[in-house]
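Accompanying notes for the structure given below.
Labels run A, B and C following the written order; every chain starts at residue 1.
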Amino acid sequence: MNAFASKKSILSVHDIKKSYGAIRAVDGVSFTVEPGEILGVIGPNGSGKTTLFNSILGQIKPDSGRVDFNGVDISGKSPLELSRLGVGRTFQNLQVFGKLSLRDNLIAAAQEFRGSFWGRMLAPSDNGVGQRADEMIDLFRLGHVADLPAGSLSYGQQKLVDIAMAFMPSPRLVLLDEPCAGVNPSLVDGLRDLLVQLNQRQGGSFVVIEHNMDFVMKLCHRIVCMVEGRVLAVGRPEEIQGNRAVLEAYLGN
Amino acid sequence: MTDFLQLLISGIATGSIYAMAALGFTLLWQASGTINFAQGEFVMLPAFAMLIGLSVGLPLSFAFLVAVAVSVLVLGAGFKKLVVDPMRGSGVVAIVVATLGLSIGLKSFVKAGYSAEPHPFPSVFSEEVFKLAGVTISYSDVGALICAGLMVLGLQLFLNKTITGRGMQAVAQNTFAAEALGINVKRMIFYTFAINAILVAVTALLITPTYLAKFDMGDNIGLKAFFAAIIGGFNNSRGALLGGVLVGVLENLAGAYITPSYKDGVALVLFLAVILVKPDGLLGTPQERKV
Amino acid sequence: MSLSKSHIAFLAAGLIALLVLPTMLKTYGLYLLTLWLVYIIAALGLNLTVGYAGLKSLCHAGFMGIGAYTVAILMKAGVSFWFAMPGAIVLCFLFGLLIGFPALRVQLHYLGFATLGFNLLLMLFFRNEEWLTGGTFGIQNIKRPELFGLSFSGNLAFYYLVVFLMVVSAAALAYLLRSPWGRAFAALRDNPIRAESTGVNITAYTLMSFAIGAAYAGLAGALFAPLVNFIEPAPFGLANSLLFLLMVVVGGSGRFYGPVLGSAIALLLPEYLRFAKDWYLAVFGFAVVVMMIWLPGGLLSIKERLQLSKAKRAAQTSDSKAEAL
């Protein structure tokens, strides 16, 4: 077991290292995420956030270190296995099912978690998650476009669909990869309120990678600041904001 | 042993002709994402253009030049402007089906408009043979080999050594980056189509004497070119030469040494093995899985 | 399961037409109509693989051949059609699973190429293994079945059997597509990476879409053999696999009625263009090109395209509300 993790940590990342040739993209990163917590991961470009994210999600294999989810080692698990364990994710670039309607996108994101593979062949069309999809549509205020193909929606709307899909199966942990990227600045506050609501209603834990400082500071309970593959500082938003080292890292010394 | 060498040499000759059609096939794919299921008919059409030229009394050389001009105009510019350009963004399957329709249309057009019969076609090279160390070699095989070899190698030089050729390669690898670098992408793609049109015309000139000019001659040539392109590497133009020669040699040797009924099977098995084991072809580089 | 009233009316009209139409047709017309229904069954299956699950398959005629030869060979060995037909379906299903495995390994267009190779391989087998398939001479005098003393050997009786099986298989497919499986297939088609991270078992659904599609071709083949009484390798070659793809895409791939329309166009339209004599296939071929340029989503995408642009316009007017979250 990970010595750093408390017994009830949802996610504990222990001493992850990943090098590309001579470049140490991630150089011994450790942190934990507690139940119900929203953890922000910030850092300048090239600080290793994406590599870290991909290591947690099994997209790349770290050179060393381990990732425990709910006390179980998940390093090397496939995206399918992770989703079955209760780890959801959003994508930085748009990843929706373009020809399916918005509502079908949401149902598709949750239907596979109920019943057996063969059972779903005979199950009702929405496999019992249609009502939840409608709730999500209401929450995200997407009712007027719910029956349109997701691929025909605006960028901002697709971004919302992407986020809603991640929350559909009520995962215990959601990793959000730059949820604000490409979103109209006037809508960022609304997005933050939405995430706060989801956190309070569903009680899952979030890990958010984001460049928008204002968004992160107002949303997250705790923030990990990464620089050059290492954790520079961990703390509450106000602690990070007042941290000299963090400011210097962002202002380029 | 002499039999083997004879088969080998004529196989290499036929294979290098296949390589030309295969090369055009891969160039179109790289430059514009077009999988051309009418490539065989693209060879058949210049053959009939030459046949018409001959029948009105033109010498073969003039008939060939006319065929090249017609080919560049119709199968190069026309095909690009009227079929490929309007279908940009429609997806590979839609283009495949459109070229399927084109293949059916061209075949039936020639059958109905010209003739359903096979027509003999004069060879550019002498039909005579000579003996070298006991091996009988025909001049037409040597001629075809030299001709096709020069075409393929010349094209390689053009693609690698000239500014235009490099521009075309840049477009094939990354259209956006090429555009950002100030390369005239549209023109480069047109050049690719024009080169394919010239390649199929030369292929027609060299292969029709053995295949005879017939409306459905493209079925076989198209398939062989397709095999050659995949075996060599769909995203690698050098691979087409290797693939073409392999297909030509294998079908010749298999026809002689294995039962003739499974003659086509050997190239097919190689084709399947390549797809399953090394899908990017013998000389191809792995492609990233795209979302 | 709820169908709109107009949809039910459309289905009822179609069914009545299928029941009444043959009384007005001569032998050749009835044969064509039966053949069309057989093609519909096969094309429905290909639409599942290509249109709904987004996998490129170019060996559908080959699967149909497996079905036809299985039935012919078993019936020649004295097995009843009613056992031979399910046997053909199961065998095709298994071959579909087998061919589906490369699909897991080979991404992009290579899958289409691999299946194309498989079809060519099958053709060589049909042609050369004379002891089993009769080679180029084929298998002759394949009898039509009978059941409890009821004979389907007459053209009309056999037609009604095919109508029945077509309706049953279409209904089964419709049910499958409305189940969560249908949505999972579409998810696999639209975005496999996203699908995997939302719990869709890509391996299982890929294999099933191939195998079920092949099973439909198997049923079509099993009906094709007794329909024409005589089978040889030619109808199961690559050209017809390409024609099946054409049917699905021209009709509208990923649309339920696409294959119905597409197979009518590929099979019946050339018949009606016969007045143009030798030119009819040329007209057909170029018409396909024009159609694909104009409507790359297939003929049935006309309606949807108009609706979509209309809906988009409507959505834009209320977009200010939406964007405010």
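Methods note: a contact is a pair of C-beta atoms (placed from the backbone, for glycine too) under 8 Å apart; a residue touches a chain by one contact, two chains touch by 3 or more.
If you're wondering where the values come from, they're calculated on a predicted model, not measured in any experiment.
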item: From subunit A, the most remote chain by mean C-alpha position; value: B
item: Closest chain to global C-alpha mean, per-chain Cα centroids; value: C
item: Whole-Å gap between the CA centroids of subunit B and subunit C; value: 32
item: Whole-Å gap separating subunit A and subunit B, where each centre is the average of the chain's CA atoms; value: 50
item: Distance from the mean Cα position of subunit C to that of subunit A, given in whole angstrom; value: 41
item: Subunit A: positions in contact with at least two other chains; value: 95
item: Touching two or more other chains - residue numbers and ranges from subunit C; value: 191, 193
item: Set of subunit B residues in contact with two or more other chains; value: 291
item: Contacting residues of subunit B [partner subunit C, same complex]; value: 35, 37, 82-83, 86-87, 90-98, 100-109, 111-113, 116, 219, 223, 226, 230, 259, 261-262, 264-265, 268-269, 271-272, 275-276, 279, 287, 289-291
item: Subunit C-facing residues of subunit A, complex; value: 78-80, 82-84, 88-89, 91, 95-100, 104, 107-113, 117, 120-127, 140-142, 144-145, 148-149, 151-152, 154, 156-157, 165, 168-169, 184, 187, 190-191, 194
item: Parts of subunit C lying in touch with subunit A, wherever the complex brings them together; value: 1, 176, 178-184, 186-187, 189-191, 193-202, 204, 254, 308, 311-312, 315, 318-319, 321-325
item: Residues on subunit C engaged by subunit B in the complex (per definition of touch); value: 50, 56, 102, 105-110, 112-114, 117-118, 120-121, 124, 127-128, 191-193, 238-239, 242, 245-246, 249-250, 253, 277-289, 291-293, 296-297
